[in-house]
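In this document, chain identifiers A, B, C, D and E correspond to the written order of the chains, with residue numbering beginning at 1 in each.
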Amino acid sequence: MIRVEDLHRHFGGFHAVDGASLTIETGSITGLIGPNGAGKSTLFNVIAGVLPPTSGRVFMDGEEITGMPPHELFHRGLLRTFQLAHEFSSMTVRENLMMVPGQQTGETIWKTWFKRGQIEREEAKLRKKADEVLDFLTIRHLTHEKAGNLSGGQKKLLELGRTMMVDAKVVFLDEVGAGVNRTLLGTIGDAIVRLNKERGYTFCVIEHDMDFIGRLCDPVIVMAEGKVLAEGSADQIMQNEEVIEAYLGTGLKNKDMVGA
Amino acid sequence: MDILNALVAFLNFVFIPAAAYGAQLALGALGVTLVYGILRFSNFAHGDTMAFGTAVTILVTWGLQAIGISFGPLPTALLALPFGIAATAALVLLTDRAVYRFYRVKKAAPIILVMASVGVMFLMNGITRLLIGVDEQRFSDGTRFVMDVRTFKAMTGLKEGLALKTTQVLTVVVAMIVVWALFRFLNRTKSGKAMRAYSDNEDLALLSGIDPEKVVRMTWIIAASLATIAGVLYGLDKAFKPFNYFQILLPIFAAAIVGGLGNPLGAIAGGFVVAFSEVAVTYPWLKVARYLFPGWEPEGLLQLLGTEYKFAVSFVILIAVLLFKPTGLFRGKSV
Amino acid sequence: MSTNRQAAASNPWRAPILFAVLAVLFILEGTVRNSMFSGSWNTALAILNMGLISAITALGVNMQWGYAGLFNVGVVGFLALGGVAPVLISLEPVEGAWQAGGARILIALAVGVGTLALATQAWKRLKTGRGLAVLVILVVGFVVYRGLFDPAVDAIESNNPARHGNLGGLGLPVLLSWAVGGIFAAAAAWAVGKVALGLRSDYLAIATLGIGEIIVAVLKNEDWLARGVKNVTSIPRPVPYEIDLQQNPEFVEFATRWGFSAAEASGIWVKLCYMLLFLVVLLTIILLAELALKSPWGRMMRAIRDNETAAEAMGKDVTARHLQVFILGSAVIGIAGAMMITQDGLMAPVSYNPLRYTFLIWVMVIVGGSGNNWGAVLGAILIWFLWIKVEVWGPELIGLLTSPLPDGGLKEHLMDSSAHMRFIAMGLVLLLVLRFAPRGLVPEN
Amino acid sequence: MSDMDQTFGNRGNRDASVVNPHGRGTIDGSRKSGAVGPGRTGDPFLIGDSMSGGYGRGPDILHDCTIAVEQGQIAVIVGPNGAGKSTAMKAIFGMLDLRKGSVRLNGQDITALNPQDRVKAGMGFVPQVNNIFPSMTVEENLEMGAFIRNDDISGTLEQVYDLFPAVAEKRRQAAGELSGGQRQQVAVGRALMTRPKVLMLDEPTAGVSPIVMDELFDRIIAIARGGLPVLMVEQNAQQAMNIADKAYVLVQGANAHTGTGKELMANDEVRRTFLGG
Amino acid sequence: EDIKLGISLGFTGPLESMAPDMANGAELAMKEVTESGLLLDGSTVTAVQGDSTCADAAAAVATVERLISAEGVKGIIGGMCSGETIASLENVAKPNGIVMISPSATSPALSDIEDNGLFFRTSPSDARQGQVMADIIMSRGIDTVAVTYTNNDYGKGLADSFQAAFEAAGGTVTVNAAHDDGKADYSAEVAALASAGGDALVVAGYVDQGGSGVVRASLDTGAFDTFVFPDGMVGNQLVENFGSEIDGSFGQNPAAEGEGRDTYLKLAEEAGFDGSGAFSAEAYDAAALIMLSMAAAGSSDPAEYKEKVMDIANEPGEEIMPGELVKALEIINGGGDVDYVGATSVDFVGGGESAGIYREVAFTDGKMEIVGYR
């Protein structure tokens, strides 16, 4: 469970996050939506340790994690993906996955000199695991491709795949859908649901595609101007007047101008 | 009276020299930072570009002096400066054509450009020496002092003297004019904005109809002008010696970095920070203290650290500045 | 479109071929005597030995740059620091120096380090008024430190200043100092890294630039340590002396059997001994580096270099890893520094100038192919060879170029300036290599 | 990663100590334009005709791909990720060398023009990524959009601010400090400032909230009906199809399906495989 | 026989501006001897230049290695800076048994270096000059001075020996601080020196290096107006640089009583270079010594002629001035003794270094005048 208490993050005089409090329940797929500039990404970055908060606290399973660096959060099972895919572009897809697990013997430099055997065994296991993940994501054929050569959507799948290399507890996804083909987005959605069901991952998802949110998320939290505006099931949210006014809108006005 | 004496001693030995030196560094750092911001690499050849520009200016100055042209109380070198700038601009444009352009077109990693600039540094180094030799050259003429020690003492009756050299005044004034002009250019004119746009996002600049090669040419010309002006002012104030122009590269880079690489305002602030920390931190306060506390005869020189460590001290200060101000004095391009 | 795509980049023969070319150059230098080559094995081996030391330095820089993308502009400082080790380890202790102030100096240094540690702790622990507290600690610490340090230094430096005036060494075998040199450099790297890594990236440049200057300044001015600019000479050697060999009848006989004069043979013999030692160090370092690079550690480093933010999010402690690799690289540079001083037999701090010991090393790494250990080695030896040879080739070239000119002022001026061809030629070589092999001669695969 | 990055050794990201990795381009800006040829009769306003080409010396990404837009119309390109949609847009804009095919605009063959000159010829483009000047203020970003104009731009400026009020509020702020969606709005605004003859948008709605997306589409419709043809890539395929006069489905660099938006929406297979319906 | 002599000087690097005049000096001597045709039955002497870089010991060693093993030189005029000189002496010259005579390496460390009798220098030791300078200053009634020295073994050695001598004679040195050559700015140094104060400033540096920079800044700020210049500073360039601004200053450099130095200056002028450049005369003497010793030994083999160097340099024998190498060769060939005095009054003591006679110079009306010898 992730709990955010009265979080503030200011840039100069601008309050990007302005007293947000929210809870992400264990085992849920929580959606986070809101107008552009509502402070969603900033909130994410603060939770994930990329930005220090101006004030406020963040807890994970009752322990305070405010301001902890990302690599420590990783070891506590808090993983995140990026709005713009952050793959290791000069490494192969499989290497992208194999580098993920922490505490690898072969990551300690002197052990690479004296413990070759053990490292070999671990590597074999990792390779197997990576291949399983690739199968799961249906991109096994790209095993030896350089990650930099993948298309946008495939990179997003790879991002997701990295979270599967370890036993993550909570995964934050920042706009998985932006720029991703809608059919592929369906596949990603399926993967998220499966991870949630089969492995018990908790997800927090930022997304502007309401179909996607509606299909996956419960509950949905709406942010606006740095604060939580509303919270509830996807259906409730879509009926909420405030949310419609601030975020959803009422559809095209110029529809009549569209030609036959 | 004694307080005045203390103040004058401080001005004479710390403030005025450091201000002039700072202005020289600032001009140099401005060139480095401009190339870094727009052409995206640290130009190690900048010191030698300064040397080349100064060498040409000196040769022209000699020519002018030989035919009897002078600039009244101001150094003749100022008249020769445009020629120096033109020659230097021609040289850097030529190097750009022959060296840098290739990598730019190929979209090579900028580090390749850095290394290429080391190569260019070696070349220019040699060319300058072929041109004017390795010896120290002096070329300042005109009135040397705006105020010299003797006159000052006679005028004020103080025990401490104050000297203000023409070149020092000139350096600071020219630096201020150049900086002001550069800022106006970058922030107000279309071409200046085009340069900033190119620095921000090359492709998008192209898509807005900006001709990148023109931006590059303009950058080089400005950098060459800044380098020549800085070099000539420095040479007028001190002396010209090619080797020293390589050495000055270090404080120039320090200034550019502490101010935030790629940020013109930072380069200027950086220049003064470096200059003042070099001069002020190793200044022995003995003399000043004697005036301020008459009768007190301290044992040592009241010097924090020996001048041998002036450069080291200035680096420690720079790092301290950066630690407390992690974005640099001004935010640079390399956050 | 591009004619410069290095199709040969993946060619496995590229490195061996280039090394063979290098070998041929050295053989020519050793055997052929004309205006281009000296035809002397002594010259060839002398260049090679220094080339090997440069190669080790380049390996260190390559670890930092090639593996982690850390730009170290203070190579000269770490080399110099490594160079102190032979002095402090292998020289005999100076009579009377320790009694004069040795203990006090150590105490003073301890006070200095203690002050810094205390100040850091105060900065971290205190919540209120920490600025003031730190300032007070620093000022008091500095005064106490200077109070202890200055008299001790005076005492030591006035102890027979013409010959000594320093603490001297421990009288231990000089080979030990190579490791110690590495440790010295590593310690400095730790300090720099602690401050500068993990902050904005250009801080590393300024911090290393600064530490390079600072270390050299300390070496120049702290006479008690290694005599400052008065230089330390006659540092013991790990190999025999030529003079001794020349006086050894067996050796002389051996030399004549091979058709060498005793003087020439002794020079060659000594250089071969050095070469062997250097090769052992070089190959050990390469072996360890390659083992590390070809394992998950290397993969992690590549990932960090590739994308820091993502690596951090994937649980890699980027700052710690940067620090580690920065320390390791600096240690290697320090080892090279100690080796260089051992070979020169002389510690002269004025000789540490950044052009030669920072820029030239960088040229070596980039020309060789950063990220590739063999590339760094190749680049180092080749560039060093050229750096030495352009001294001869430069004037030859100028002579050739000016031969069509009429005799007179201009020609004379150019001929007189031919020494500067060293720079011009170096610049040309660098530009040409960059042009035709922009990723270096042996690129990273 | 481009071919050239490979060739020239793209180093780690700490390079920033001596190099400035920000804002580097991928297009060769020094290329000179060739001559403009005559168009063909019956051409649409803008057409990329049977284009084939790829990046650097890499393999062909586009295979005989044709994209066109008529005066006053909206043309939409959809397709899976990596299909070559952005590549097709770049090809039309002259940002990569075509190995086959031609680009014709307004009755002229502009295949040989470089991107700068295509801007001058009246094309406006919003790339998919890196589409703002991060350290310049919002207002300066918009001014740069009008770089080739020599007339008074204040009117257009006001129009853009009216269109994107959220951005107007931040006109003195550096564009790099905006949120993802706000940046997207600035980017579109910049292109509008050019007063182009044809507007090309690469996923203009990626990352913008539904309400802004609707406004954007509204605006695009209005612009198109005002006579400025719009060519855009969209992943929000269902909405895009609703407003498209003409739609192209690209698969692996080739035209897979072409038709009006309604037609393609009506095609079940197309909808399932490409539009996520 | 064509005898080759190596000239290993820092043609590039920090002292690059001094090197050419030094090389010219050495070559002048060689030309003189070659043209006479009197050395070893008409042998010619050719110079082979090598760039020792001054700063880089490794490059210097490589250069000397090349001079010896590739060019086959029989003796070396060099090196330039002490560090580099020691490295090439120990690593190359000594193992190969080649004589080295340095015109400008003044480190005391070279005095008692283990050299197998192969190393000499025509520049006197720093210790001697320190004493002389202290005497001169005292004799002018100045008893408090500030000292700035170029931060290398030359400057430091000279400054230290001067301070010891001066304080022993009852003077006060207010500050003894280093300046680094080739730095961009000397304001900090001058500020420190001015703060310490003193009736005169001793500038133990190089005239075309930081030395001039410090003097410039001192004059400009009015920190000092009387300067004391040792050998690295005294030269025409000083007058060119400062003209009458340094009126009232004084200094000393090694030169024989009599016309030695003047003759050399004239010779140099005829040959088209500036003989007053620092250590140019010393280089001439170094080359002359090697060649005369060869003549005396009747061989160009260093192992043989090295024994003769001391004899040539010292009494007894006919005194030889610059430009009189022909005369010297004639005497030697005739079996006589010579005492080479040369341009710098060479007189070797102990470990084969110049004992040093100094001439005192003073600056008045923008000119340098010789006022006496010590």
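We adopt the following convention: a contact is a pair of C-beta atoms (placed from the backbone, for glycine too) under 8 Å apart; a residue touches a chain by one contact, two chains touch by 3 or more.
Because the structure is predicted, anything quoted here is derived from the model rather than measured.
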If a chain touches subunit B and subunit E alike, it appears here: C
Between the pairs A-D and A-C, the one where more C-beta pairs touch: A-D
Most distant chain from subunit C by Cα centroid: D
Chain whose Cα centroid lies at the greatest distance from that of subunit B: A
Distance from the mean Cα position of subunit E to that of subunit D, given in whole angstrom: 73
Gap in Å, rounded to a whole number, between the CA centres of subunit E and subunit A: 74
Inter-chain centre distance, subunit C versus subunit D - centres from mean C-alpha coordinates, in Å: 51
Euclidean distance of C-alpha centroids - subunit C vs subunit E, Å: 32
For subunit E, residues contacting two or more additional chains: 13-14, 16, 20, 151, 178, 180
Residues within subunit C bordering two or more other chains: 2, 4, 200-203, 205, 220-221, 306-307, 420, 422-423, 438
In subunit D, residues with contacts to at least two other chains: 4, 7-11, 15-18
Contact set on subunit D toward subunit A in their complex: 1, 10, 73, 79-83, 128-129, 166, 177-182, 184-185, 203, 206-215, 217-218, 221-222, 225, 235-238, 242-243, 245, 260, 262, 272-277
List of subunit C residues in touch with subunit A within their complex: 288, 291-292, 295-300, 302-303, 306-307, 309-318, 324, 328
Subunit C contact footprint on subunit A (complex, rising order): 48, 50, 69-71, 74-75, 79-80, 82, 86-91, 95-96, 98-100, 102, 104-109, 112-113, 116, 119, 122-123, 162, 166
Footprint of subunit C on subunit B - complex, ascending: 44, 99, 102-103, 106, 108, 111-112, 115-116, 118-123, 125-127, 129-130, 133-134, 246, 250, 253-254, 257-258, 261, 306, 308-309, 311-312, 315-316, 318-319, 322-323, 326-328, 332, 334-335
Subunit D residues within the subunit B interface of the complex: 2, 4-5, 7-11, 15-30, 93, 95, 115-116, 119-120, 125, 127, 130-136, 140, 143-145, 147-148, 190, 194
